[in-house]
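Labels run A, B and C following the written order; every chain starts at residue 1.
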Amino acid sequence: MRIRASIATIAMVALVAAAGTRTPSAAEDKTLTIGVLGPLSGGAASYGVELVRGAEMKADEINKAGGLKVGGDVYKIKLVSYDHKALAADAATAANKLVFQDKVKYIIGNAVGATCNAVQTVTEPEKVLFSFVCWGTSNLGPDKPYSFRAMLSQWEVAEPFYRWVKEKHPHVKRVAVISPNDTSGKDTNTAVVKALKGLGFEVVADEYYERGTKDFYPILTKLLASKPDMLDVAAAPAGEGGLILKQARELGFKGAKGWTAGTNPFTIIGVAGKEAAEGVWSPTNINVKSDFVSATVRRFGEEYEKRYKEVPGVIAVANYAAFDVITKAMQDARSLETDKVLTALTQKPFDTVWGKLVLGGKDTYGIDRQFLYPMVISEIRDGKVVDIAQVLPSALKK
Amino acid sequence: MSIELLVQALLNGFGLAMVYVLVALGLTLIFSILEIINFAHGEFYMLGGYVTYYAYALFGLNYFATLALAILTVGIAGVVAERLIFHDLRGKALNAFIVSLGLLWVMQAGAQLAFGVLDKPVPSAFSGVVRLVGLVISVERLVVSLSAIVLIVALYLFLRLSRPGRAMRAVAQDPDAAALQGVNIDAVSALGFGVGCALAGGAGGLLAPVFAVSPAMGALPVVKAFIIIIVGGMGSLPGAVLGGLLLGGVEGLGALFMGSAAVSILGFAMVIVVLLVRPRGLVGGA
Amino acid sequence: MEPRQWEAATPAVGIALITLAVGALPLVTRDSYYLDVATTILMNLTLTMSFRLQVSTGQINMAHISFMGIGAYTSALLVTRVGLSFWATLWIGALVAALLAVPIGSVALRVSGPYYFLITFAFSEVVRLFFNNFFEGLFGGPSGLVGIPKPGRLFGLIFDGKLALYWLMAVIGVVVVVALVRLDYSRFGLTADAIRQADLVVETLGVNVFRFKLTTFVLGSFVAGLAGVFFVHYRQVLHSSDFGLEPMVLLVVFTVIGGTGSVWGPVVGTILMTIASELLRELHHYEILVFGAVLILTMLFAPEGLVALPAAARRVLRKLRARATEPAGVGLAP
């Protein structure tokens, strides 16, 4: 018995001591270690994996070009990514490891609402710059000056999107909204419903489903009975959104379709099938193969597909752009200090794969920490994504 | 709320219930023969889905041939898993729990690394819908349900009439007596595990065109399978069928009246009630 | 189950060693990350030891983590809405968990074995879904609760920093370990073990098995509630994923890999497996794959848990030595 407890104790102390003598790699000169967090396993893995890939693509690009030149120094970028499995407690521990062990001052990329809050309890007190795609409203605020959202959220997107619908498609009066039952789903529906009501639409259904659901017949039967003109799959991820559209069509739905929080149009077209995906409007999709995107985006898409054998969704692009913007801000600030980079970020617009990008959102969040860029409304026609309108955020209209 | 709506709701629930029953039957078969609960069961379902994706969607093999391939491949995978990992764990429920959990993670993470993380669609072999007196059911789901029923009947006949099937039943009833009668327990365990996994693989193959495939697709069916076998009774084939219909009906109707979280709670409430009132399950006797 | 005669003499030594290790850690490192991992280990330890308390009577309570959640929500709400101090809600939260454990346990204990496992699993999902989806104004819905304050002052001591919180959890943890170890080595532990092996027999000996099991259930839930209160004021964020199937399953893994046969099993299992999983983080997206493989291999090669390995090793050595000293003709020369 003595032996058992001794083994346990000695093992613990030894491992801790041994690990403690490890040289943290970021302490070396000329390496900039940047952290990426996300769910890399389980049902939400597509988000985390896309975040890591987007960051990798930009980091490799910078390194291949000789490194990141900041002030008089040149840095090689090293990425450290951890899997938090969509668990808030795990995210906090992973963030602790990034900040205190790997000594990162920048975490670029995280997804899943509750985990962002958990990470922020670590990053904010340590002045670590934290950029994420989480969609919870409580994720941004004046009490969290080091936190950013790198992707347009439902709060930026819902109102202009439905304003466009009202203008261009006045026959749409009754809208049904459905999202998964989690933070982003809840916030998305809230934002969408608020926008709809403000614009005079009738909200005939405001529904939630458990993440992981594949059979939507039961919930669709109820939803379609209220005879909506438009079905918005809101915050549903591409796979589930596609299933909702496919099954809605089987059940006889022939109305307009929207995807307010669209991520990967190719997946949704694949899963829903061409006919069911026909006519889906989305204000957040990015189609890296479209004729309307810049050559940079198309190149990004091609290289991504070559490297990872899958087409990138908007999250990969968002993190690629975030990485781009933040490293550019470092160069503008001529410093790696987060306070200086923060100032540089809020000072002027940046040129990115999205087009012109600026930080804004003070009206909604109390502080300018939301990435704003041209919102592109697209429609799926004959299995292809076609960009049909561009809406500039007011901050970019000057 | 019209009668039409209620009946459609019931139909929705029943629509794919038989496929979940297949998954449940696989789980309960393994439980009866090896006395362990395989938590990685959903991953064999997922494997069947990916075999279907590669053989049917990418390679272009005939749908029913693909189904047979999925059943066979996953069955063999099951036998391998049993020989390598599970055969020493007979009756050791807690250890089997941990091991199958480990297997779940290995298989799911492995699938993600091997097949990619995005949902992969599988084209439907059958399209169109059938409309009868205002009710709708898709042809695809109809074919899938009928195929599942065929497989369930095939399983029933196999267990009843074939030698290996009867050996399995003997081991499930009383392994010591079966051993005394000359039944090779090892062989039956391996075969039983294989057949159980094959059933899950078949279900995965059937649902692949309906729901697309993804590495984590096995999580939900396995929860449904648990609810089904508890309600119906562990070790009972007719019990599983009854449990499946009951769960399907409850979920279908429930969705009309309450939110999705409440419907999930309803499923678990059913489990609690059955375990308290009739722990052996509605038809159970094993 | 391993015979425990030779263990009987030294629970005190084990406790002393643990206390020493816990106390010595801050001398070895002040790194925030290591303190965080150590605090997490201590939290998990209280959970696994109280889980194992129930396992010792044969109950695999899959709702154990739900009581951690109940303690957490109770304290979070009382502190943020009613303005109570953490030092009060620590006990109130644990008590609420224990009180709710009475009806839930009474219902669950009407069945046993795999059915008990399944019914507690069903309960845990109901609890999680309840906190995740109902009374959003109170529980925060799918977004959970944020901005929960750290523990307030006590006798002028501030509990803001990682080190102070580590000490707090260390005290709670050591107290729990001491209490549960002593309980296990007492008559209570013998009764529990007897019940696990043959509860009908024990019933005939005059023990009210149901009441005994319920007591362990409630006691275990009380400790889980304590852990939950600390958890929520340490992390300052509470989400239903924190007490769902995934963390519960990890508790079971830690306990079983350590070895359910001994009260020290959870100690070994929790410490080693938490450290292992933190080390595996380095593998980034291979983490889960390797972790799963580790589970399979450990269970196959140490089916009675890591805690039983030294004894198993000794047995093997004894056999080898015996064979080596065999006389005449067979085997090796001495």
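The rule we apply is simple: a residue touches a chain if its C-beta (ideal position, glycine included) is under 8 Å from a C-beta of that chain, and two chains touch if they have at least 3 such contacts.
Only a predicted model underlies this, so the values are computations on that prediction, with no experimental measurement involved.
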Averaging each chain's C-alpha atoms to get its centre, pick out the one most distant from chain C. A
By raw count of C-beta pairs in contact, what's the busiest chain pair here? A-C
Chain centre separation (chain A, chain B; CA means) in Å: 35
CA centroid of chain B to CA centroid of chain C, Å: 33
Residue numbers in chain A touching 2 or more other chains? 41, 49, 181
In chain B, which residues are in touch with two or more of the other chains? 105, 108-109, 112, 259, 261, 264
Give the residues of chain C touching no fewer than two other chains, as numbers and ranges. 132-133, 285, 288
Touch list for chain C against partner chain B, complex: 60, 107, 110-111, 114-115, 117-119, 122-123, 125-126, 129-130, 132-134, 249, 252-253, 256-257, 260, 285-286, 288-289, 291-296, 299-300, 303
Give the list of chain A residues in touch with chain B in this complex. 41-43, 45-46, 49, 181, 207-210, 212-215, 217-219, 221-222, 225, 238-239, 242-243, 250-252, 264, 267, 270-271, 273, 308-311, 313
Applying the document's contact rule, which stretches of chain C touch chain A when the two form their complex? 6-7, 10-11, 13-14, 17-18, 20-21, 24-25, 28-29, 31-34, 36-38, 40-41, 132-133, 141-144, 146, 231, 235-239, 241-242, 246-247, 262, 264, 267-268, 271-272, 275, 278-279, 281, 284-285, 287-288, 307, 310
In their shared complex, chain C is touched by residues of chain B numbered 37, 85, 88, 92-95, 97-99, 101-110, 112-113, 226, 230, 234, 259, 261-262, 264-265, 268-269, 271-272, 275-276, 279
Within their complex, chain A touches chain C through residues 1-9, 11-13, 15-17, 19-20, 40-41, 49, 52, 80-83, 85-89, 92-94, 96-97, 99-101, 113-114, 117-118, 121, 136, 138, 181-183, 185-187
